[in-house]
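Here the chain labels run A, B and C in written order, and each chain numbers its own residues starting at 1.
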Amino acid sequence: MRKGVFLSTRRFLILVPLVLSLLLLQSYFWVPTYDEQARGNPGRLEEYINASIGDASILNPILSADSASSEIESQVFDGLIDRDENLHFRGRVAQSWEVTEEAFFFVNDAARVPGALGSEPESVLRHLEQKRNDPAALSAPVQKSLQNIRALTLLPPRNYTVTRPRPGSDAKAAAEIRLEVAAPARIKLVLREVDQDLFTHLAEILGADYFTTFQAARHITAAPAVSETDLAALTEALLPAIEQNPVIEFRLRPGVRFHDGRAVGAADVRFTYEAIMDPRNLSPRVADYEPVKEIHILDPLTLRIVYKRLYSPAIGTWAMGILPRHLLNAEALKQEAVRSGKDPAAFSMRQSAFNRAPVGCGPFVFKEWKSDQAIFLDRFEDYWEGPVNYKTYAYRIIPDLLTQEMEFYAGTIDSYGVQPYQVERLAGDPRFQSFSGTSYSYAYIGYNLRRKPFDDPRVRRALAMAIDVNKIIRFVLYNQGERTTGPFLRQTDFYNDAVAPVPFDPQGALRLLAEAGWQPDAEGRLAKNGQRLQFTLISNSGNDIRKSILAITQDAWKQIGIDVRTDLLEWSVFIQERVNKLDFDALVLGWSMGIDPDLYQIWHSSQTGPHQLNFGGYRNPEADDLIIKIRQEYNHDRLVDYCHQLHALIARDQPYTFLYVPKWTAVLDKRIVIRDADAEGRSRYRRITPTKTGNHMFYFNQWIKLAEMPQFSN
Amino acid sequence: MNTENTAPAAPLEEPAAPRRTRFEEFWRLLRKNSLALAGLVVFGLFLATAVAGVFLTSGSKPVLDPSVVRLQEKLRPPLSRSDAASLKPDEIPAMGVYLFGTDDLGRDVFARMLQGAWVSLTVGFVAVGISVAIGIFMGAIAGYYGQQYVRLEQVMLAAWLLGGAALLAAGVRTLGAVVLVAGHAWLFFSISPWGVSRRKSPPPWMRIFLKGTIRVDTIIMRFVDIMLCFPSFFLILTVVALLPASIYTIMIVIGLTSWEGTARFVRAEFLSLREQDFVAAARALGVGNFRIIFRHMTPNAIAPVLVSATIGIASAILTEAGLSFLGFGVPPPHATWGNILSDGKRFIFDAPWLTFIPGAAILLVVLAFNLFGEGLRDILNPKLRQRN
Amino acid sequence: MIAFIGRSIVQKIITLFFVSIVSFAIIHLAPGEPSQVDPLNPKFTPEMVERFRTAFHLDQPLYVQYAYFYRDLFRGSTVSWKDNQPVLKKIWERFLNSLPLFIVGTLITWTISFPVGIRSAIFRGGIYDRSATFISYVLISIPGFFFAYILIILVVTQLEVPVIGMQTFGIGDTAWPFRIMDRLWHMLLPSILGATGGIAVLSRYVRSQMLEVEGQDYVRTARAKGLPWEMVHYKHALRNALLPFVTMFGLILPGLIGGSVIIESIFSWPGMGRMAYEAILSRDYPLILTINFIAAVLVLIGTFVSDVLYVLVDPRIRL
């Protein structure tokens, strides 16, 4: 009897793992294979599953700064405008808009206006009116500027008092000064469209120094008195001689609703702006909206945005998702704080639960966010453009590239970021359709122009000539890249196709280096005055392509006798210890860019300090001038012209060795097609085709997956 | 069924047997353990490969250059011949053959593996060397001096010095420096003949400072406890991710986080050794404490250390591979088997050899170390020795 | 006994205090700053970075930051820098995800190790023992991610079923048995991979414990008495060999918050390990420190439990 008990101890010990393994293994038979997924569950066809490497961080368009978050936000939120197939602006929540300008200048009674009766306001105004009506004697650009003026009005003088903190003192209330302002008369010009040359042209009529000799300080008395330079700074802000205020008037589309049913109105747009500017929210987008002077709500669907100065990237910023005011205003936040038992005084939008359960007016309604696993969205049935075809949108987080591919094969994701080396294998697969386009970024080798030998443009050019970029594109990127020669996006008009890439020519490089004084020594190593040509090329770790570029350039430069060391640093060390402190010789990095051609932060000479983005230290007055002009130009053709000039200039100076623009590739199941309804309401299918700029997702709202691969007639 | 009853009878031990030296005895036992022997053989081969690797892949004109990039020759399968036409003369690999194929930059995988063998070996040995050194030191101190008390005076001094260092770290430079200097001045004063503890009969008010507070053993073992509170891979990852990547950081960090086990069993050995006659004899002869610890006792406590060191090298190699997978391994230009493997995994469909060659190599070497360590344990632990 | 427990608790609390200081120091003395103040975002101005630093107390001296952090931690009001979520809630969510993996992994480890270890001890030196030894060493010698990739590729290409994640995506509202089995299937590979090391170590340990006991006189006596061999091994020997394993129950406790970064990243399993890893990458100090603190608490509780258990089950130890 007892023997039996111990026999069963042994059996028990063997049986338990057996049963456990069998239980686990049999679960295989319940899991759907690739083919069974759609057959067993037709709902799968109406579900779009996208894979990403990283999770979103905060689902609030004004607070997030990462690409995963913005991808979700673009589905949940709609902005006033976006870009169409040709990258031109297109209305979304806004139905139409108009960009005009209001310009002001103070009447300068000290200046003599040639040809006018006197220098008092009325005569200046009359003089301008007269020139406008009879411009024949003026040059063509000036004529154009005058024709652009819609109205001229005279604003009477005005007296008022303001208090300002005393310049140079940081104590709060202690040091204030009262300023008595006796503002002279001002002339207001309403323009049909923005004209950055307005005042240069007006100066031809009113006298070259009419605007520069305006003595603002004469019109201000300070109490207590301050030094002249301080007063000048104060008056500059209070009474600028000239002021140009671009105005954008948006007319919103009626009937657009948030996901909770409330109508979207001008008040929501203004609220979104105010939320960005609220310092407590720490919004990373403050810089974009800082030029806004004021926003007027003309009626519930019309708003008028006035800017402090010319800033042409301004329109593009209104692609920002519109926040629902009724859920996030001070009152709502206070209630939320009380509900969750937090201190209402310290509670800001950053703490709100909204950021994990956003409500917008975009095509998809937020449903659920499982951290590091997936984000689920449902389609919005009341979407203003009509509901989209997919019922749900899932954003899966799969951190490993290889397993993303495996999941794609298993059919549980519909699309993922295909890596260059996977493209060839996947593009040839008959089950899949693939799309490819250039991305909004470029890779470069940046030099620290403050250090020798990089201060010599010949050396920079020679370094570029020694690198066979085509070889990098061919072998490292598997042809998933295109050469680029300058700082603009390849797919925009701003890119100057006339600029030729630096040729691969090691002999030429040696000649250029010899011109710059670098001669090969006995062992073939370059030296100048006994000093060997050596430096360190760094990049951040964790990026395989950059790692390869590092190895290839090191090798290429070694070939012409340059002693290059390489170093890979962890991202935050790389940025904070080396880039921000400007402590590097050369680095491999990339910029990802918006469509807007504003290059101020990356190339302007005022941005060369530590912690600024022109870390290479590029300074060129000519380029500075163009950069400012680009920032202020609202006319597309002129913009393109300035950009082409700037592109050629930077390509000539070679502060970077511009390498390539990476291409992205998307692979989709061939059963995913575009479905739209014809006149009788029947469904018609067509193949997904990319737009001219390569964007295959443009018609995403019409996509749907079919059970069988369709046969297209055309 | 009862195999152990029918096992062949052991040969009778001859009375002369004990005359064999320790090494002969070891060798005899090792030969009986075929797995351990195989482990040793692989271990030897690995060592030879690593040494050969250093000679073949370094210098200005190495026989096998692991850093030559030949993009047009990328992802060639093993044993393929190089295309002499498209290469410069000094780019052609030795004998014109890629023994293990080429990687995504056209570098010779065989040369990289050779170079990596040495680096991987260094990482393993140095990391384990650090950990064993700290472990023996800590364990020996705890085991030998364990029962002595630290005096209040010493605790206060340590707190004072720590406080000074903390002030310095917190940015209060002058005060911190003053505190540190004062602390050191007191330290030298107390060691000097006039110091408090050296006096024959300190005044009664001073005696309170000479009171014992806490045992040396307690301090060290609590410190071991503190270290054990950190999940080790997580700790390594944190430090490696936060510090600038370098091969030294990795070796030091692995070493600094894995000495606790060694310290524990060295301490246990010491606790029993210090009661033994040969220690008492040495002490009676007036041999200094440190000489007793390191010359007399440590050699007798070394056996378990050897076992854990062998297995430690194996796990250091694996840890490095794991770190490489996460992108925090030994940074280039050093090739290690770990980073060859994790670089290669992207191409597992296009170029499986880039994954399987380093993967198999790591498996083989780590396995060899483990088996040898296990055999060593059996041999060195008489309790586990098979009684036939 | 009470005195032992009391002393040991005080000791653990002191240890914990030092752990908190050490971990805080390690993290804050390292170079680099939280990625939320990523200065390479063109939209970030230096003033904004400064504001972030103030909001996170990064501009304060270290000991003040230390005090702030542990005050918040004990109030339970620590929030992650990355997304302003309460840290404890985040950890709890991830803990629930890691838990099933941990349970299945532990079950596999413990149920398989015992029969394997016992059998190799009984048939010491035989083919079974040698191959078990060999296989278990192969299992701990193989780099985890290498093994994982091989398994995944085999399963996906040969069986054409998904293995990544916690469940199959897009199976929608299928019947509950399917969903449960689907979850079980997704748990299979990661928990096997997580268990391999454990099986190897534990079965070796079982084997050596058994051997130690089998060498004892009473086992030899039992054998000499002519008891059936199963009874000798499974009653007399096994019972005494089990003793140290009782204490190991305490030591598996820290595994609750461990979770392998590598396995979780490969299988995109939203568990503790991955959260910790991502916290390290983004330098989300509150989250790293909290995880570390909880891990330390669990380690200490684990050793405490195992000490107490040891005292309870081993009659040789008297207090």
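Here is the rule we go by: a residue touches a chain if its C-beta (ideal position, glycine included) is under 8 Å from a C-beta of that chain, and two chains touch if they have at least 3 such contacts.
Please read all numbers here as calculations on a predicted model, not as lab measurements.
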{"item": "Per Cα centroids, the chain farthest from chain B", "value": "A"}
{"item": "Pair sharing more residue contacts (C-beta pairs) when A-C is set against A-B", "value": "A-C"}
{"item": "Distance from chain C to chain B - Cα centre to Cα centre, in angstrom", "value": "23"}
{"item": "For chain A paired with chain C, centre-to-centre distance based on mean C-alpha positions, whole Å", "value": "42"}
{"item": "Chain A and chain B: spacing of chain centres that average the CA atoms, whole Å", "value": "49"}
{"item": "Residue numbers of chain C (touch at least two other chains)", "value": "31-32, 149, 153, 265, 283"}
{"item": "Where chain A touches two or more other chains, by residue", "value": "402, 570, 573, 577"}
{"item": "In chain B, residues with contacts to at least two other chains", "value": "241-242, 244, 345, 348"}
{"item": "Chain C contact footprint on chain A (complex, rising order)", "value": "2-3, 6-7, 9-10, 13-14, 16-17, 20-21, 23-35, 37, 40-41, 43-44, 47, 49, 55, 57-58, 65, 279, 282, 284-288, 350-351, 355-356, 370-374, 394, 396-400, 402-403, 406-407, 409-413, 570-573, 575-577, 579-580, 601-602, 611-613"}
{"item": "Of all residues in chain C, those that touch chain B in their complex", "value": "11, 14-16, 18-19, 22-23, 26-27, 29-32, 61-63, 122-126, 130, 133-134, 137-138, 140-146, 149, 153, 204, 208, 211-212, 215, 229, 254, 257-258, 260-262, 265, 273, 276-277, 280-281, 283, 288, 291-292, 295-296, 299-300, 303"}
{"item": "Chain C contact footprint on chain B (complex, rising order)", "value": "1-4, 7, 35, 166, 169-171, 222, 225-226, 228-231, 233-235, 237-239, 241-244, 314, 318, 321-322, 325-326, 338, 341-342, 345, 348, 355, 359, 362-363, 366-367, 370-371, 374, 383-384, 386-387"}
{"item": "Chain B-touching residues of chain A, taken from the complex the two chains share", "value": "401-402, 419, 421, 425, 471-472, 474-476, 541-542, 544, 547-548, 550-552, 555, 566-570, 573, 577"}
{"item": "Residue ranges of chain C touching chain A (in the complex, touch as defined)", "value": "31-33, 35, 38-46, 48-49, 51-52, 55, 79, 82-85, 90, 93-94, 97, 104, 107-108, 111-112, 114-115, 118, 149, 152-153, 156-157, 159-166, 168-174, 177-178, 181-182, 184-185, 187-188, 228, 230-231, 234-235, 238, 265-268, 270, 274-275, 278, 283"}
